[in-house]
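See the structures that follow.
Two complexes, one shared chain (chain A), two partners (chain B, chain C).
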Partner chain A sequence: MLTAVKNQLWVCLLSVKYNIMREMTNRFTFVTNIVFMMLNNAAFIVQWVILFKMRGEIGGYTMREIMLLWGLTASSYGLSHILFARAFTLHELIVNGKLDAYLVLPKSVLLSVMTSASEASSIGDFLYGLVVMCLFCFSVGRLFLFLLFTVTGALIMTALALLAGSLSFWFVRSEMVGVHVVNTMISFSTYPDGIFHGTARFLLYFVIPVGMAVYWPVHVMVSFDLAMFLKVVGYTVFLMAAAVYVFYRGLKRYSSGNLMEARM
Partner chain B sequence: MEAIRVQDLSKTFRVRQKEKGLKGSIRSVLHPRSEEIRAVDEVSFTVEEGEILAFIGPNGAGKSTTIKMLTGILYPDGGKLEVLGIDPTKRRKELAYQIGTVFGQKEQLWTHLTPYDNFRFFGAIYDIPEKETEARIKELGELFELGAFINTPVRGLSLGQRMRCEFAASLIHKPKVLFLDEPTIGLDPVVKETIRSLIKQMNRQLHTTIFLTSHDVGDIEKLCERIIIINAGSVVMDDSMEHLKDIHTSGMSLENMIVEIYKAEGRTVSV
Partner chain C sequence: MNRTSGSAASICMKAVDGSAPWYRRGRKYIVIYRSVVMENIQYVVNIAMGFLSYFIINFVMINLWDYMYGTSGEAIAGYGKEQMIWYVMITEMIWFGARGATVARQVSTDIRNGNIVYMVNKPYYYPFYVMAKYTGEWSVQLPMYAGLAVVMGMAMVGRLPGFRAAALPAVILCVILGITINAGFKLCISLLSFWIEDAHPFQWLYDKLILVIGVIFPIEIFPEKLQPFFRLTPIYTVCYGPAKLVVDFSGEKCMEILCAQLLYVLAGGILIYLVYRKGVKKLYVNGG
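Here is the complex of A and B:
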């Protein structure tokens, strides 16, 4: 059992390594993708600097918390797209019958699919988050929590993408649902949760789980709360388990395809 | 001993129907219609260990659907199936260690990697120790004559070179059963001959069971001992090549005979 898990993890690591090697085929494009993604993210700092000059606090957040929010969102998004980029285009594989290559291998179909692509620009997102965290609110304990919440955030985003992508097993042209859900989550995760009330707040915590992926982790990093910490970890495990269950339920309905294709 | 046992295997696909034009699209949103297509209809057969079987039929006959159910890609709607005593629907991963697949129209290799790196990756997928993988790469490299291009990225190889690499990758773990779905499609006659002799050699040396689907009569004639013809989801003929060749000498070519059988859609044909 332990050997099987070790072998599976080794294959996942190799897969990610080969993905990054593919992204590095053109060194210039690879480096510029990363650098420009970091610059693109940094541009938003200006907007918040101006806003905080006008008001000392927005939705209970100061500049430090906002930077933590941005850093965690960027790093979580980055990590999810470095390791599991294919989860975000799962619908395409299902609709075009491209899961065959993964189904004939003696490894977990889901992990093989998820780790079969990486996005070079996401390395920029991941690094940007780390840099922002270190520049604006560094402490050893906070860095540890930041890295841990980057993992939980990445898993929540990936699980959400998997749940939305798996809809394609049942419904034709459902891919837009997935795209919208993930994009909505990213958009809302860059604003302080204190500005949302009532239904909006409910939606952000229970339907599009920005609260669990970003808001609560930021609260825990600012002022440690064990209960909140455990809820975030528990929710991540729950959502991932739900995503795995739905994917494998859907896989029984997979109808393959006869398109000519190459593994790019 | 039986390598494959299939009994009353069935698979139905639900296909959405749409009337033509914009009105048709609007109507299909309000009243979606779908049609059930029985791709495989209560198919039964067995394949002995070490046998080379041609599983053929016209386009849409249900060949690929059957092969995909046997390899664990698709779930059947009904019937029973076992490959090497394993049910692919229940123990897919366990079965995958013991079978190999080559789909002529679908590449399994990573195109940006060299064949060597691909083989190393496949070695890790099948949990083969590194030393053993190296030895196996050397062995397969010699068998398939990959030496000249084993370190060239796959995307830079010709189709023939690529197919030889696909074969080598599918054999890295010494599978007991090899499923070949149109393995010689698009290849020139010389490469086709090479691939055929390699399949034959592998079957003789390693006693590998070969389950082949192909539209190329040359593949069937030169490789197979037995032929199953499937049409409209049902088996319409199951006979030995020897018997067919006897008829062949009586005037009708194998290709013409197959065409005649294809035309007799849905009926059991005896020759």
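Here is the complex of A and C:
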């Protein structure tokens, strides 16, 4: 059992490694993608500098916490797209009948699909988050928590994308749902939760899990709360398990296409 | 390995309709525009699906500015709360309604995968073809987003104080010119793919400059020392100008923005011509 898990993880790591090596074929493009993505994210610092000039705190957040929020969102998004980029375009594989190639592999179908692509620019997102965290609020303990919450955040985003993508097993025209769910999450997660009230706040914590992926982790990093920490970890495990369950339920409905193509 | 040059393409074009007057030569772009409009009308439901992202962004912005203005409602940089929110909604409307994959992605992709070879020898000028196609796309999208912006604004913010309906024709002209300028610069960036494989990172940076300086905030919110500099950039003509005219119209401001836009259209046109002419000479065609 343990050997099987070890082998599966090893295959996943190799898959990601080869994805990145493929992206590195053109070194200049690879490096520009990473550097410009970091600059792209950094442009938003201007927005917050301007806003904080008007008010000392926004929604209970200071500049330091906003940067932590941004850093965690960028790193989580980056990690999810480095390791599991294909989960975000799952609907394409299902609708076009391209899952066949993964079904015959001797390893887990879902992990093989998820790790079959990586985005070079996401490395820029991941690094940007780390740099921001180190520049604005570094401490060894916080760095450890940051890395841990980057993993939970990445898993929550991936699980959400998987859930939305798996809808394509039942509904053909559901691809926009996945795109919107992830975009919505990103849009909310770069603004403090304190500016939202009533239903919006409820939705952020219980429907679009921005609260679990970003807001609560930031609160824990600012002042540690064990109960909150465990809730975030528990929620991540629950959502991931739900996504895996839905994917395999949907896979039973999958019908192959007659598409023939060479995979290299 | 063959080599195709810009002169080969232009010779081909001249052979087809070189002697025709300019207005006749322009007709083919109208046909391209019309066919793209017809195509987009078939997919209005797909366009409408993009409304959710626009709604979410506006919802976030409304909450943010509600919080920033607080209960006092004191003006910020000369803008009242309603004016500020309407400003952001208009700029976001332009941003969403005129985002076109054609100028940002298709040109880069055409160059990267070699598809451009089949386009440079067609009886049209490739940059004009792209612009006609892009105009066809936003001609359908933008009015839909404008409708949504009005409905959202009236429902969530209320009437815009001091809005003058008589100024709408001038505002629409400014919006069209602003979108054209933006498309011109994005096209220039995409044409960089003739030299570098992937021009997308440059698109991101350009987009973020426009977004942070022109879309999210009006120029007046920035430090006074920076404002004259921003007024010289495309940001002033692409987003700020049209939205400013909606929230606070004045004839003098309108003339100033229109003049700046015309200058930018001219400069953008020359830039496209030069970049394309130089780029297409670097085009190598791999057999296959």
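To be clear about the criterion, the second predicted complex is superposed on the first by the 262 of 264 C-alpha atoms of A that agree within 3 Å, B and C clash if a C-alpha of one lies under 4 Å from a C-alpha of the other, contacts with A are read in each partner's own complex, and residues count from 1 in each chain.
The rule we apply is simple: contacts are C-beta pairs under 8 Å (C-beta built on N, C-alpha and C of every residue); 3 or more make two chains touch, one makes a residue touch a chain.
Note that this is a predicted model, so its numbers are computed, not measured.
A.B. asks: Clash or fit: chain B against chain C, after overlaying the two structures on chain A?
C.D. replies: fit
A.B. asks: Please work out whether A:51 is in contact with chain B alone, chain C alone, both, or neither, and reply first, second, both or neither.
C.D. replies: second
A.B. asks: Examine A:18 and indicate which partner it touches, taking first as chain B and second as chain C; both and neither are also allowed.
C.D. replies: Touch partner of A:18: chain B, not chain C.
A.B. asks: Which partner does A:140 contact after superposing on A: first (chain B), second (chain C), both, neither?
C.D. replies: neither
A.B. asks: After superposition on the shared chain, which partner residues are touched by A:5: those of chain B (first), chain C (second), both, or neither?
C.D. replies: neither
A.B. asks: Of the two partner chains, chain B (first) and chain C (second), which one does A:59 touch, if any: first, second, both, or neither?
C.D. replies: Touch partner of A:59: chain C, not chain B.
A.B. asks: If you stack the two complexes on chain A, which partner ends up touching A:107: first (chain B), second (chain C), both, or neither?
C.D. replies: After superposition on chain A, A:107 lies in contact with chain B alone.
A.B. asks: Taking CA centres after the superposition, what's the angle at chain A between the directions to chain B and chain C, given in steps of 10 degrees?
C.D. replies: Placing chain A at the corner, the angle measures out to 100 degrees.
A.B. asks: Applying the touch criterion given at the start, work out whether A:180 contacts chain B, chain C, both or neither, answering first, second, both or neither.
C.D. replies: Second partner only, chain C.
A.B. asks: Give me, in Å and rounded to a whole number, the least C-alpha distance separating chain B from chain C in the superposition.
C.D. replies: 8
A.B. asks: Would you please give the residues of chain A that touch chain B in one complex and also touch chain C in the other complex?
C.D. replies: In the superposed arrangement, which is not itself an observed complex, chain A uses no residue for both chain B and chain C.
A.B. asks: List the residues on chain A that touch chain B in their complex, please.
C.D. replies: 3, 7, 10-11, 14-15, 18, 21-22, 25, 99-101, 103-108, 172, 252-256, 258, 260-264
A.B. asks: Can you tell me which positions in chain B touch chain A when the two form their complex?
C.D. replies: Per the touch definition, chain B meets chain A at residues 13, 16, 64-65, 68, 71-75, 92-94, 96-97, 99, 101, 103, 105-113, 117, 121, 124-127.
A.B. asks: Show which residues of chain C lie in contact with chain A when the two form their complex.
C.D. replies: Residues 46, 49, 52-53, 56-57, 59-60, 63-64, 66-68, 76, 196-198, 200-202, 204-205, 208-209, 211-213, 216-217, 221-222.
A.B. asks: Provide the residue numbers of chain A that touch chain C in the complex, in ascending order.
C.D. replies: Going by the criterion above, the answer is residues 26, 28-29, 32-33, 35-37, 39-40, 43-44, 46-47, 50-51, 54-55, 58-59, 121, 176, 180, 183-184, 187-188, 191, 194-197, 200.
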